[in-house]
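In the two complexes that follow, chain A is the common piece, with chain B as its partner first and chain C second.
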Partner chain A sequence: MSNFFGYQIHNDRQINFDNNDLYIIKYVDSLEPTLKTCISCGTCTATCTATQFTNFNLRKLITMLRRGENNIKEEINKCMLCGKCSLVCPRGVNTRNVILAIKKTINYFNL
Partner chain B sequence: MQKTYDPFVIPFAVGFIFILIAFIVKLIKWTKALSHNEKIKIIKGFFSINFFLAIKEIILESLLHRKIFKQNTILGFMHASIAFGWFMLILIGNLESRIYSGTEINPFWIPIFFDFFVHDKTGIPFYNIYAFLMDFFLLIVLTGILLANLKRFFPSLFKMKKTTKLRLGDKLALYSLWLIFPFRLFAESFTAGINKSGGFITGTIGQYAASVFDLTLPAYISWWIYSLALGIFFFTLPFSRYLHIPAEVILILYRKFGINSYNQLNGFAKLEIDSCSRCGICIDKCQINFVTENTEVVPSYFLRNLRYSYPNENQTFSCLLCGRCEESCPVGININNIRLAVRNKINNYDNTFNYSYLPDIKVNKAKVAYFAGCMTHLTPKIIISMQNIFTKASIDWVFIDKNGGACCGRPLKLSGNFIAAEKLISFTKNLIINSEAEILVTSCPICLKVFKEDYNLNITILHHSQFINKLINENKLKISESQKFNSLIYHSPCELGRGLNIYEEPYKVVNSIGNIKKTSFELNNSLCCGGSLSNTQMHDKQRDKITLDVINKLNLSDQDKIITACPLCKKTFSRFTDNEVIDIAEAVNKVTV
Partner chain C sequence: MKKTIIIIGAGIAGMEAATFLGSMEHNVILLEKDQEPGGHLKNWQKLFPTLRYGKEILSFLQEGIKIAKVDLKCNAIINNITKNNNTFIVNYSHQQQEINIEADAILVTTGYDTFDATKKEEYGYGIYDNVITSADLEKIFTTGKPIITAKGDPPKKIGFVHCVGSRDEKVGHVYCSKVCCVTGVKQAIEIKELLPQCDVFCFYMDMRMYGMHFEAMYKKAQEEYGVTFIRGRVSEACENIDGSILIKVEDTLAARPLKMSVDLLVLLIGFVPSEGSKMVGNMLGLQTGVNGFYKTADQHALTNISNVPGVFFAGACTSPKTITNTITDARAAASTIARYLENNPIFQRKLT
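Up next, the complex of A and B:
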């Protein structure tokens, strides 16, 4: 029933925080503690060099990780590490290191 | 010569043989790690003019320490007096003993302990001059040792805030080095006192001492301690920082033969690492060290860890790669190259960055291609100014990343992801080639560096300050005298100045549009604004500290304007000062018609 009279039905995205494992984001947080101060304002995504070519979205990625949806391996590879996001971040999150920390975590847990 | 052997020579003799073997082993290690082409370069080098240039540099740097003299006279004197004085002692001592014994081949310890074995030197021609010279150079070395002692405990006397912290091996070597020359003085003086000989120092001290007490035993003990100290120094040398003494000589030779360590941990980089004497000159230059109190990052400790084990992440990544240490390094080690190579090794596991989503972008053809760069897109005033300047000078130009192109690849490279950087490099390179431009102009020194080093483009690559300078020289831009700026403080960006050695053109442009107010941080002594993309680990608060520190040091008065040539510097500074921060392009756009 993916296409029902021209309408799409999304998969259920309800998260059970009791069951969901947040080990990835916890590890990333420990590598780059400033990420804890992120308010998900999305300024990083608004300025992103990669976003103009593709639907890469750092805010979404971090939100997904916070929800325990850890399927971000392919998405994170789109980052160019140019550093515009860390310059505009109102919370002073070291976003470049967040990206590197996520890459490191993916490698560490062999995702 | 009555006898040529005494048990006290054993520590020195064994140490000397050990150091010879250790040096040969090290030399084989350094050379073996080089590639085939580099080895051929070395063999060719020995038969070229470069060999003589290298010898000249070895005398100037390894013995006289010219680079340290230029920076800090008293520190230079300390290093030069020990190195050059010791060298002359060895040279004259050898000469003297060879002349004494004719063509006969001596045991190798004879020149070192000549005074012990030969008491009556009157047979040597000009023996007075030898005695004078030996005493003179011994005095020079002793002065150096005294200064070294003072420096270790009171670095502020040498205008140094900090001196290097030492490992155990270094300490052992250092203390034995400090012992060698005082005991050489005692040994030679006492022996001279017994035999009524010696130069102006050893003779005088000897005569005085002989009148006070019996010298036979003290003299013999002094010879023992002298030999022991030499032996310990030789044994610790290959494991301590004093390995730089032989390593630096080889380093200068190889460098002159055209070998370098471009972003690789190859044999040459290993030689560079061994050549670091941990003199500590870089410590006071490092902003991370004196502002954020993160003392581990300085090259002295980074290279030390790299030599004995492996540097930690903080040391590898908490560096601004501003290059201030490299400029001040008396050995000329390419520290940034080595740090990048280590970053590459750490991030090596991961080359999965994927930019296949990048579309085909059509570029118009023009004579001048302008690449703004990511950072410039965050400071749109620079882009508008450049557009105006192009129009004013009626240049045929094309804006390559008008709608925001891809990144140049330098930030990835700075983080150690070389292969990922290559992917972006090939994308942007295609855009530039498709524009068929003769000149590539960029507003961002970070992009400029990678364009020049990794793009292999066969066109002229200019920073916008260079391009503007060219336009002014060609009279394509007319500067209106009435609108000139009053007092401009030029902040030289790291990547542009120390990174690419571009100082002349920006200064010329700034000079032609206003009055430069000099600070104590000009040219290669300019400070890093703190915004550097190279540092991936530093917290924002620490960055802010560095920026504030720079602004304090610039001593701004109310009407001063900071003028810079890098969008990142502009962005970093403007958050922390009420004074206007402008880019060269903006300023030129304002004062031209």
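Up next, the complex of A and C:
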């Protein structure tokens, strides 16, 4: 019945960068400083075992955190910590440690 | 045998080519419309990727023309150029005098103009006070003035828009201007050094860090200065009631539209063919390519040679170039002209 009139209301998909709080990514950056040099190339995601079977996407997850879109608590658990991403990163980001740092940050701020 | 060469434009290319031709014992006359030599280099405080001062390069070039005894004529306006067999007769005005001079070869080093950002009306340059260009920002750096908003406050957030007037069919410039990406990174670093508390955001389509040390500079901007790079072309800018600038962009890597306010918006303007090039091109009958820059006899191998025998090119009049590229090109042009003047058989080579 919700669609009875043939239209529905969507939430705003726009990222409002003025209102978003970047405290999560700043804390993650402090735990793993190499993350700052990420250029979003997606090599980590291309090699990721979890990405083959789930919609987990490390490149996108980091991009979202950098924009202050911090709803990643469920996403991060899809990673199996195999560490393949760390082997392939062209900028030498310790991506496996990034995942651990994000998990620590989630606990620290009690998300 | 001593020959006369006229070089039009005393920018980087003109000065360095004059130095090399002068050092080969030729008679070199360097004509400049401005009061002083140096071209755009005069307006640039520090240079990528080393952040060395532009005036160091300028004095290096000036020392060259002095040693090579180049006859530099500033405030010179060219009225017309005629060709008689292999000789050019250049008529120019200098200090209320009209002078005719005969030359065996002409080197055109008329450079580029910066893109007029008012043509991209959606970014609000010339409409909103807090929208400036990379050239305006450089002027602030050169004069040592503080970086402030139109109201006089230090900015907390500054945005850089890449590719303004480049890679854009809407303004008729489909080519990449080559230097703006790295200029953006350089200026972002300079701002962070002057205002460490200010957040800097760069909105790019591609980061073209092709040159030696450019990529290292980009990484340094991320790692040491915390500059944020957002992939997406800004679609429009509008003014908030407090005078800050609201920009809309797609964050293409997040696949989501994004809006944010910045206190100052810097437009990284590209290269366009210069008015001087158009003028000289008309006088000499020089061909231009699809992008409006001079067309060289061959894109790979005859890059200093024009469609008119005896007329040569160097520098940014044929395509956007970095300072490094321009200096190299100027020396190549000098060598090409020297061989042309001695009727060297290497000019018999043809490319099909």
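To be clear about the criterion, the second predicted complex is superposed on the first by the 100 of 111 C-alpha atoms of A that agree within 3 Å, B and C clash if a C-alpha of one lies under 4 Å from a C-alpha of the other, contacts with A are read in each partner's own complex, and residues count from 1 in each chain.
FYI, a residue touches a chain if its C-beta (ideal position, glycine included) is under 8 Å from a C-beta of that chain, and two chains touch if they have at least 3 such contacts.
This one's a predicted model, so the numbers in the text were calculated from it and none came from an experiment.
After superposition onto chain A, partners chain B and chain C are found to sit side by side with no clash.
Legend: residue contacts after superposition of the two complexes on their common chain; A:Q14 is shown touching chain C, with no touch to chain B. Once the two complexes are laid on top of each other via chain A, the angle at chain A between chain B and chain C, using C-alpha centres, comes to 110°, given in steps of 10.
In the superposed three-chain model, the partner touching more residues of chain A is B, compared with the other of chain B and chain C. Of the two partner chains placed by the overlay, only chain C lies in contact with A:E69; chain B stays clear of it. In the superposition on chain A, A:T47 makes contact with chain B only, not with chain C. After overlaying the two complexes on the shared chain, residue contacts for A:G83 are found with chain B alone; chain C is out of touch. Of the two partner chains placed around the shared chain by superposition, chain B is the only one that A:L100 touches, whereas chain C remains out of contact. Taken over all C-alpha pairs, chain B and chain C come no nearer than 13 Å in the superposed arrangement. Comparing the two interfaces of chain A, the one with chain B and the one with chain C have no residue in common. Listed in rising order, the residues of chain A touching chain B in the complex are 34, 47, 49-50, 52-54, 74, 77-84, 87-88, 92, 94, 96-97, 100, 103-104, 107. The touching residues of chain C, counted against chain A in their complex, run 207, 219, 222-223, 226, 228-229, 231, 251, 253-254, 256-261.
Of all residues in chain B, only 347, 349-350, 352-355, 357-359, 374-375, 377-378, 403-407, 411-412, 415, 417, 420, 424, 531, 533, 536-541, 568, 571 touch chain A in the complex they form.
The residues of chain A lying in touch with chain C in their complex are 13-18, 33, 36-40, 59-60, 63-64, 66-67, 69, 91.
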